[in-house]
Amino acid sequence: MCGIVGLFLKDKSLEPQLGALLSEMLVTMTDRGPDSAGIAIYGTDQNNLAKLTIQSPEPETDFAGLTDELRAAGIANASILPKSTHAVITVGADQIDATRAALAELRPNIRVMGTGNVMEIYKEVGLPKDVVERFKITDMSGTHGIGHTRMATESAVTTLGAHPFSTGSDQCLVHNGSLSNHNNLRRELSHQGIRMETENDSEVAAAYLTGEMAKGKNLGEALTSALDDLDGFFTFVVGTKSGFGVVRDPIACKPAVMAETDAYVAFGSEYRALVNLPGIEDARVWEPEPATVYFWEH
Amino acid sequence: MPVFDLATTELRDLNASLHALDKDGGNEEFEVTNPRGAHAVAVGIDAPVNVQIKGSVGYYCAGMNETANITVHGNAGPGVAENMMSGKVVIKGDASQYAGATAHGGLLVIEGNASSRCGISMKGIDIVVKGNIGHMSAFMAQSGNLVVLGDAGDALGDSLYEARLFVRGTVKSLGADCIKKDMRPEHIEILAKLLSDAGITDVKPEEFTRYGSARQLYNFNIDNADAY
Amino acid sequence: MSHKHPVTTPRKSATFDDYTLSEIRRAAATGIYDIRGSGAKRKVPHFDDLLFLGASMSRYPLEGYREKCETAVTLGTRFAKKPIELKIPITIAGMSFGSLSGPAKEALGRGATIAGTSTTTGDGGMTEEERGHSQTLVYQYLPSRYGMNPRDLKRADAIEIVIGQGAKPGGGGMLLGQKISDRVAHMRNLPKGIDQRSACRHPDWTGPDDLEIKIQELREITDWQKPIFIKVGGARPYYDVALAVKAGADVIVLDGMQGGTAATQEVFIEHVGQPTLACIRPAVKALQDMGMHRKVQLIVSGGIRNGADVAKALALGADAVSIGTAALVAIGDNDPKWEEDYNALGTTAGAYDDWHEGRDPAGITTQDADLMKRVDPIAAGRRLANYLKVMTLEAQTIARACGKNHVHNLEPEDLCALNIEAAAMAGVPLAGTSWIPGQGGF
């Protein structure tokens, strides 16, 4: 159970404020989720480069000297930007898999939060305002982003249990609700070779979508399949490299509010999350219909 | 006139002041500014006060209202006027899910659209919606009247008891045991009064279709098992 | 005529036992599931599988009388301006007017008041009898919202938001036409004589994040005065308790599968929800993990029968217990003096559970005007007070023997278990060993 926020910018002049706007939306939702919080920011596409957001329980020791070791392992242009317990490693666009493999050997304690050309994911145990402050989200710019603050239901309160969940390049998902067939689905997806780290139902949803897209579906088609294959209550907000999607289950009990202007499309679990957005007084405010996939793309 | 600016005043102070009013008092005017999506605004009132809320509210505005007149100059979140007993609540904008849920009396007017589950479990309230209503509206609605000038979503009146549903637009689908019914003179009269109470003058009762319970689920019968 | 060879003794099947065979025949005849009242009847691990250790060379008992053993408990200390003070750690559980008669509800109110404890309304709302005769009244807030209104909310002493109950975690209220009398129909705003269909989810919120907002609303309506309880069945006690705390509860009521209902499907009662004994330690652990033990109070119900059960529940970490079935028995339910009437219904005293039919010979689970007269509210109230007194004295006796000057000072370490299941569920050693299954030891 949780609070979700999302912001997709149509007006490029707002991009430097993406992190600040999204942070404020997230902090407003604190009451809905006191356990952990996370944000995914989609930034500028630096041609031929890709990023991995990593997390370590011992950042000082783990991040020290890491780029040298990666270069020695053959990742020629690795560079690192640490941010508290997380860090963004930038490598050549075709080196993500090699970097993952090298990390697994060099630093087995490090977890990869997400990878892609443009996406960075930060998530930790704690209140939204603390998570946002820790990772300096308010300084970040980007084209779109999603955020989540968690009230854990049936799995533990841990860093890895926090949303967003990413199981594909530049893809992530946040979830409000409670799935009821995620354990069976997890077994099936594991059998197909998809890797999940937690017992969390939301991670299964993310893995499911990744699995469907790997079969050739686009995000919209994968979300449509999800309506049949996932059981339970859910509002999902998903991010991909160019876009931002929203879907609610057919019963649609979990809340969802959207606002659109010429400058942005925004999502919040409550209207309260949207009140500080520029021009909100004149925005079109509506609620997504159940069992309907909504998608916005650059 | 008391003005409560929720940007600088605690919600607790607003509701406490409203609760302190004399039940037999006159119609005092209260104004609430900067609600900015706050929850539980103007709840549990039991005095005939007029409350103007300037802005959009969150969940459960006017919850359990008794005798007060409350107007929201903006949108309302889920559960507006839930369990209202009497009085009048007007939403100038849209209302989210569960508008008028389980309410026993009074009049709820929504000038924009209402979302899903409008009038769920209603127990005597009258609800008038100028726009559309969402899916699963009037679920298990026991009594009262739901009037919709626009369209209704899926599963209208699922598991309906004795509430009356009047829809002027289209109904996407009907729920279990909800059927179209004839409009008789007494229904025209009820509807005319409700439209008048809601300040609506540009539509006529004859333009509406009445829906009600088929009463097939009132006593369990094995042949109706598929409806459950 | 004699057989050439010896034949085996006729043997019935343990799987297809007499009860099962009769149920299959009944289902084939009617096409509808079996509906009944009461809680789970089959044997499951329960408090009888635990024993207190008592006094010894290392622990010294308290004398009776002069060396006091206190029993008072306060509920709702977390947020409420007016917590509830009870003289004994035993409350009367929520039971509806509608499923119970007016005189029965009055009897419960009278008895609880004499004993210095609370009663709880049920599905259908608050009656004048109960508010008038029950000094401390907890008002249930259920998915159906039958009879819910702000005046009763404001004159209640506490509010209990019902997520579920032990007999049917996930089921709504059930009241069949036979019991929807004029009065019940009026209170519930239903046509007389119909079978009430039940909502199983609350109409205006789903999930602990939205429940938090609902609790805020209820507190605002009642000026933050009244404790807010959350009642859950025995589903996922660790997570359910954690979420109830996060949603803002003052008190949590946890009802195991032995907890009764007026009416629901037999399969729901026997096959959904965990035994009471299995729920307590996970619930207490959740409170301890959040630093909320004793700050958010825990009330346990479902098969509480005597002072030993009370003491064991408290030893495992509960702040109080609640009784439903036992309270009804105390005021006359299933009494052998009506055996002829039970036989006429095809049953016998102690087995009667078709409470939904409204023909209760004891006059308790009925709306029939003649049957209702069999309960004299004053005499029955006295009986309930006596029974509560006995349970309290029994719990005090045990607590004194364990050296405690307050029943809340009973601990898990005062207990041992007679079998492995109970040891594992309660988290106490198997008698004669230091072994708690799952926790090492020998």
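Here the chain labels run A, B and C in written order, and each chain numbers its own residues starting at 1.
Methods note: contacts are C-beta pairs under 8 Å (C-beta built on N, C-alpha and C of every residue); 3 or more make two chains touch, one makes a residue touch a chain.
All values reported here derive from a predicted model rather than from experimental measurement.
More inter-chain C-beta contacts link the pair B-C than the other of A-B and B-C.
Chain centres were defined as the mean of their Cα atoms; on that basis the chain farthest from chain C turns out to be A. The distance from the centre of chain A to the centre of chain C, each centre being the mean of the chain's C-alpha atoms, comes to 44 Å.
The mean-CA centres of chain B and chain C are about 36 angstrom from one another, to the nearest whole unit. With touch defined as above, residues shared between interfaces to two or more other chains in chain C number as follows: 210, 213. Counting partner chains per residue, chain A has residues 253, 255 touching two or more of them. Those residues of chain B in touch with two or more other chains are numbered 58-59, 78, 97.
Within the complex formed with chain A, the residues of chain B that make contact are 36-38, 56, 58-59, 75, 77-78, 93-94, 96-97, 115-116, 134-135.
Across the interface of their complex, chain C is touched by residues 11-12, 15-16, 19, 39-40, 43-44, 46, 58-60, 63-64, 66, 78-79, 82-83, 85, 97-98, 101-102, 104, 117, 120-121, 123-124, 139-140, 142-143, 159, 161-162, 217-220, 222, 225 of chain B.
Of all the residues in chain A, the ones that touch chain C in their complex are 1-3, 31-35, 151-154, 176-178, 233, 253-255, 269. Against chain A, in their complex, chain C makes its touches with residues 201, 206-210, 212-213, 236, 239, 242-243, 246.
By the touch criterion given at the top, residues 252-253, 255, 257, 270-275, 285-287, 289-290 of chain A touch chain B in their complex.
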